[in-house]
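Here it is: the structure, laid out below.
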């Protein structure tokens, strides 16, 4: 009953097998391995983007921070949601990689930015006035940190606003697969067709050991990205081990199947939590994370039985009346089982 | 016959097996995995350093740049050899991570800094004068980029000079194991007992997939290191896969056996190259890399038979008289075989 | 009728005379001039701070950004008011000088942070959790950007909160003199006795040509400040011209007289604006700036007669019903006359 | 007898008078003052560069560091002479402003880079290889730190080399006026006609209080420069006081007359030092600084009589045989008199 995060899961068997297989013999280093050619071709095919530049790094923060640094000047605003990983969970990596750009927070229900809020925020920038930080770029997260999903149309609406101000859009897709299977559109529709210029295309949380692709749909910043990656110390010498993960992840739609499974487990869990006495959802469940509230007694019972998850927000007290609801985040992954879900539901009932 | 680099090799079987084994079940993320406890304990034991702080990253450049950033202010000098990886091969990662410290190059034969040269260079710093960059830190590479090795006494002599100026010392040990088995001293003697404060302890080149430990013998900068690592996007979520590599690498002295093998192969190759007609060594062979010169005709023959290696320096012409010597770097690794060496020697004979 | 800013005024006659006088003969450069000794001694005397380190720069942004950089790590939070100059009007200078610290905005009426709001904000920092930006420092502005003033007791209350979290406090005193004469306390009470560690002590807006002192009450960061100043290109070679301004500014309480005059003019203007038909104050007038609203027709009349000032916020339309109030900022300075004020009041009546 | 530096002199009377005159009344701030329009027009006229963007800052280091930051990426090489002010005397300001570019030193006699040395150095850059820092920009100093001068043809030859590699050229003209009157060419010939893209056009050392113009002959980076200037805290609010200095400096060729005088004094001093018993020149005297060696006894005598100057290099001992020559730098300025020179020559004779 581990719902602490999708990163407490290991790697899917096919992906681990591919890493092992990639170990045979010598291979060119620093991204010149043959597997990387395969990955590049496959991502271009999947995204219907034959010109896209594709690179691999090992962490989501690296994918985001490097992407953001390619899209804004140091004196630019990075428009993001209040709860964006880049704002909250990267210890200032975007500020470090951009040499001091300013993250400008946009509030919004259920982890999502609305076009109106984005428009208001960008418009408030002191563009053209030397005293203020200028317009930089937009980063949106899909699936969001609240477990919700922007549809392709919603992404397009945000990109339209950004384009009106001449501002590029990055998508933090640490859970891109979960978003995509939820939204039911194509990878191209969710990204470049909607106006996204750079995508952090996550693998780690969805069954890889540690790999994220960065997809630059407009390859004009490709060489800059390569230099930033190296300078940031994110270029792997034995790069084949990143390539192998990503190749296996993409092969025969494995990435989509893993995400569909995680989403299905979250749906099952979400339905169960709603039905609990005193249970309710904090956010709609649209991807692989459930944000629910239920009575403190149920939390105690679940924890006693070894369930792992985080109260969300973290600072709620575990002490207090048993019937008082506490909210929590419950994350499902490619390896969550129906048994896990059902056992958790039984436990949380108190 | 792949002598291009030790990073064109894969991972040693035991290490790959450990990664696979580590995949079972759930594990705490971001370095809280049980395997990391094991690694920390083992490194402290090996280095006889019970207080040392130990962290893992995936690239050597990350290990170096983060270590250097912990040891100097932005307005500090980073004293290093002319050929140091940090100076030549990291695309300015040290400058990026330090926010603009100045790498001060020190020439020296065979990749090594002499105490006298270090003393002269540090003394020339405009210490205490606000117009100039101040003293920062020293970084030495062992084994060096020239395939030579500092003995523990030589390291101590450099550290003594540095200490006289109040300057801490970092060791880039991307090939630490190769240096250690060559020098025949203990890990402690080679590092903190000699005066090294922070070590980049390499795994990748010596049989891992991609892992380097950073060992801070004085743990006072441990938390700073953790923040810099996260902010640099080098903290792995599925950290167990780094831990597993390092745990297997250290287990039962595997790291030393792998390095001893690589060094032995280099010694065999070195002896053979010296004995070639027209062959000579550019640097003494003390670790796992051979720097040799031999006639251009022998290069052509070797390349024709599929040998992979780099001319060193790179800008020598492949065209010209057949008996003119060209120099090259030939790197052996844990997986180089006697057959590889002998086949290469036969080919290079022309 | 120029109320655009206190920086549209020139220099007070005594200060200009001092600059001219300082031009005689040779003088040591880079801050070793004799006048700087005088300035240092005088500031220490005025602030009853015999150990304070004192430095001069030429712009308020330099004073702030350098001070902030001395008080936080790159991964620190810089707690400031929503409207702080450092947040709004410095084009990201604090981010640049700190190498990417995060400005954390705190809302508050009339430009002021309350202790409760500061406490809530600091407490929300993910201190000790590596994923988040850590606690850094607090910067408060006195007089504020809203023309209000923190009393010494209010400053002390904020510093107490900060101290409880181990966080140092900087005061942006671009208009320190105006705040001081308004608050009626001593310089020491307003600063180090209340808990302020570093002060940007403004001269430019209050009658100098361009000089700000930075006062480090705890001199432990003095040398770091000197290096940051030089590295930031803010160390003047012909430093005597900064020293001369500051020396004259401080001499015989000139700085206080200039500020008292500006405040008095603002009080006169404020009273008049309140009494205008349709007029009202947006913020209390406690220093040298008046934030008032009055009918659009009155704005048109004032502008027609050549009055200079800014609508505040800037984005109000000048077109619309004549009786609709628009708000504006009106800044008085050392050279504002009663005639200017009365003429403006007459004009703004419409 | 003050030859310590041209920055120990004050301001020329006309320039001080202009500052005083500029103090009358209100003026727009932040560079929107009418005097700045005048300055911009005059510099465009003088340089025959009607499109040039012109900005003022107060220090030479600011002019250089901001210019360099506009001309290179963070991962670029900044090619400069071993003794360049940017390398030696700015405490890493170029590294700070560029976010970590690498200064690549080029040796050369008498403070000058030769085209061949520049070519060799640029060619050695690992351009296009992601592991190394890339080509960035060239900065040359005229007059040099050795008191020598590049002719317009020599500047053009360097720029030709740089252009061949696609690398822009900056000129550190802290002593531009001294170089120009020495070289006897037009400002345009010395700069953009030769291929210089950005000029730091010094005023401070040649009779101003503290002002340097940055001239961007290609205005495409003008807005970037403005943002970098503000973000670096170098945009003056009471900007008129910078404008006034520069306007007076340029008026009726004052800048050229001041420099011609300083150069003439240096020539007189140089001739005298050559003729001293045991005296010799270390570098040819081509601008306003004399680098000479003469017996230690003569140094003692000069110092005893109050002469101010620096031994060059600094680390020569003042103790030792009286007839042993020590080398020194002697800088003349707009206010050096023939009497100063002759008194010094008499004293140095020992």
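We call the chains A, B, C and D, going by the order they appear; numbering starts again at 1 in every chain.
FYI, contacts are C-beta pairs under 8 Å (C-beta built on N, C-alpha and C of every residue); 3 or more make two chains touch, one makes a residue touch a chain.
Keep in mind that this is a model prediction, so the values were computed, not measured.
Visitor: If you walk from chain to touching chain, how few steps can bring you from chain A to chain D?
Guide: Shortest path length, in steps: 1.
Visitor: Of the chain pairs C-D and B-D, which one is connected by the greater count of C-beta contacts?
Guide: Answer to which pair has more contacts is C-D.
Visitor: Compute the distance, rounded to whole Å, between the mean C-alpha positions of chain B and chain D.
Guide: 42
Visitor: Once you find the CA centre of chain B and the CA centre of chain C, what distance in Å lies between them?
Guide: 51
Visitor: For chain C and chain D, what's the span in angstrom between their mean Cα positions?
Guide: From the centre of chain C to the centre of chain D is 34 Å.
Visitor: What residues in chain C touch two or more of the other chains?
Guide: As it turns out, chain C has residues touching two or more other chains at 30, 74-75, 90-92, 96, 99, 130-131, 227, 230-231, 235.
Visitor: Within their complex, state which residues of chain D touch chain A.
Guide: These residues of chain D touch chain A: 30, 73-75, 99, 130-131, 134, 224, 226-231, 235.
Visitor: For chain C, which residues count as touching chain D in their complex?
Guide: Result: residues 2, 4-5, 7-11, 16, 19-20, 22-30, 57-62, 64-66, 90-93, 96-97, 204-205, 209-210, 227, 230-238, 240-241, 308 of chain C touch chain D.
Visitor: Where on chain B is chain D touching in the complex?
Guide: So the residues of chain B touching chain D come out as 74-75, 88-92, 95-96, 98-103, 126, 130-133.
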